[in-house]
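Same chain, two partners: subunit A is paired with subunit B first, then with subunit C.
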Partner chain A sequence: MTKLKLALYWASSCGGCEIAVLDTNEKILDVVAIADIVLWPVAVDFKYHHIEAMPDSAIDVCLFNGAIRSSEHEKVAKLLRAKSKVMAAFGSCACFGGIPSLGNLTNRAEIFHTVYEEAPSNENPSRTVPKTATTVDGHHLELPETYDTVMTLEQVVPVEYFIPGCPPTVDLILKVVSALANNSLPPPGTVIASDKSLCEECYRKKEDKKITRVWRPHQIVPDPEKCLLEQGVICCGPATRGGCGALCIKANMPCEGCFGPPAGVLDQGAKLVSAIASIYQASGEEDVSRMLDEIVDPVGRFYRFGLAHSLLRRKRMTPPGTLSAAKQPLAEVTAR
Partner chain B sequence: MPLLKKMLAQLGVEDERVRLDWVSASEGDRFASIVNEMTAQIKALGPFHRNNGG
Partner chain C sequence: MNKVTIDPITRLEGHGKIEIFLNDEGGVENAYLQIPELRGFERFCEGRPVEEMPRITERICGV
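Coming up: the complex of A and B.
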């Protein structure tokens, strides 16, 4: 049997997805037995020009992790798409934008300002921020352009499979490897996980979904047998795809939502707001304002791994002072 | 609703774009006036453009 050609790539990611591949331990040898790795920047020394030199569709499968946040990410995503028969979004960042897409609550200018000018650990009197090109001693240097908006892989190139998780679990990775080995990949468009919500595979006792306050995980030690939501801990299980084996739940921590929305759910955060609203017992304005105080950061909580994949995708940026356009004189509003 | 509004504010969506009201089937006039108010308010805000952050 001719060996498969496999590419692995990281875009805007933390490297955890790479560790997850290595976490397959000795099973990684099964991967090498069926496939030749043609690109894997973290572990193997092949360069972009090696890929560019290949004919189109020469690579059988590309496992692409990380969100798209710079011109380099986009360029390599398009290159690997052209050279690969099958493109798989590997991990929450490639599937839904992941943690990096919380950067969509701001933009490049604000991020550069915080990181390069404001950060207390910086000494930057000349206020230097990254540029896409500069000349030093007659040498022309170029850097990729950082984008204002973080995107999912599918927002840039067509994708056949989605392997969610932060990072994908070893079980899911081995499922993919064995499907590759047996040439039994599911139909394109499949999310390699469960179709149901995490709650459906959760072993905890669910009795009465009514809460009178919300606890953040550091404020309470929850009962390990009872549903976390019923104990007032925001658990993303109702709006999150199952298939992870409830790993966080078993460690007595709430689901953070890294598997993204289950089949049929369009917007994970909106679904979670609806879930919390339907169980929170508020009998007056006072209760409602207390609940708002308890849920400190709704976007960060409900879209932690998927702001880029949500209906709105990002914060709508408006110049300071114009956030509520209705408060402006009518003439100005119609002129916009 | 207040939770949804808190979240939408984080995402830069104006408060005036979202409203929840309860109207009984017998309150035809009230229904019409709420719809008219909302329509006028949205027209004043103009179309919702999802910008690219720049």
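Coming up: the complex of A and C.
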């Protein structure tokens, strides 16, 4: 059998998705039994020019992790798209923007200011910030452009499959490997996880769908048997796709939402707001106002892993004209 | 002048590119390590509740 050609790439990411692949332990041998790896920066030495020299569609499958944060990420995403028959968004950052897309609550100028000018560990009297082109001692050097707005992979190139998770679990990765080995990939557009919400696979008892207040973690020790949301702990379960086996729940921690919205849910945060609003016992404006005070940092709570993918997409850029605009206007956001 | 570009740097965690400028004799005149990667955790952690920090900052590096 001809071996598949497999590429693994990281854009704006932490490397956790690469480690998840290695967490398959000896099963990684199943991967190399069916596939030759043509690009995997963390583990093997191939350069961009090797990929550029390949004919189009020479790569069978590209597992792309990380969000699109810079012109380099966009360029490599487009290069790998052209060279790959199948493009899969691997992990929450590629699927939904992930934690890096919390950067959509700010912009490039603010990030550069904090990181290069304000950070107490910096010594930068000349207030140097990264430039896309500069000359040092007569040598011309270039850096990619950092964008104002973090994007998902699908917002820059067509994507066939979505493998969510921060990081994707070993079980899901092995499911993908097995589908590749048996040539039994699901129809394009499939999210390789459960279609249902995490609550469907959560073992906790759900009884009394009423809460009278929302607790922060330091204010409560939750009962490990009962539904966390019914105890007043914000759990993203009702608005999050299942498929992880309720890992965080088993550690008595609420679901963080890393698998993104379940099938049929357009906006994860809106779904969670709806779930909380439907169980919070409020009899008047005073109660509602108290509830809002109890939920600190709603955008960070409800869109922790998916701001780029959400309907909100980003904080409005202000003042207009002084900073480069978001790559695509909000009106162009479409539902998957 | 000749230039050698190593892009990307591989077999490590993180993104990097090296530009090596050679002189007329072929020796190294200057070499630059560039990190074409920034996410801005320093900025977007500001103002978030303390309980979010373990969830957010563990994603600085997942290795």
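Methods note: the second predicted complex is superposed on the first by the 315 of 336 C-alpha atoms of A that agree within 3 Å, B and C clash if a C-alpha of one lies under 4 Å from a C-alpha of the other, contacts with A are read in each partner's own complex, and residues count from 1 in each chain.
Following the convention adopted for this analysis, a contact is a pair of C-beta atoms (placed from the backbone, for glycine too) under 8 Å apart; a residue touches a chain by one contact, two chains touch by 3 or more.
Model, not experiment: these values are computed from the prediction.
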Just checking: does A:314 make contact with subunit B only, subunit C only, both, or neither of them? Give me first, second, both or neither. first
Would you check which partner chain A:291 touches, where first means subunit B only, second means subunit C only, and both and neither mean what they say? first
Using the superposition on chain A described above, determine whether A:168 touches subunit B (first), subunit C (second), both, or neither. neither
Dominant contact partner of subunit A by residue count, subunit C or subunit B: C
Applying the document's definition of touch, where does A:261 land relative to subunit B and subunit C: first, second, both, or neither? neither
Once the structures are superposed on A, label A:237 by its partner contacts, choosing first (subunit B), second (subunit C), both or neither. neither
What is the contact status of A:45 with respect to subunit B (first) and subunit C (second): first, second, both, or neither? second
Just to be sure I read the superposition right, which of the two partners does A:105 touch: subunit B = first, subunit C = second, or both, or neither? both
Subunit C-contacting residues of subunit A that also contact subunit B: 105-106, 297
Per the contact definition, I'd like the list of subunit C residues that touch subunit A in the complex. 6-15, 19, 21, 30, 32, 34, 36-40, 42-44, 46-49, 51-52, 55-56, 59-63
In the complex, subunit A residues that touch subunit B: 104-109, 148-149, 269-270, 273, 276-277, 288-289, 291-292, 295, 297-299, 302, 312-318, 323-326, 330, 333-334, 336
Where on subunit A does subunit C make contact in their complex? 10, 12-19, 41-48, 69-70, 72, 98-100, 102-103, 105-106, 110-111, 114-115, 119, 130, 136-137, 139, 141, 143-144, 146, 166-167, 216-218, 256, 296-297, 300-301, 304
Flag every residue of subunit B that touches subunit A in the complex, lowest number first. 1-4, 6-7, 10-16, 41, 44-46, 48-54
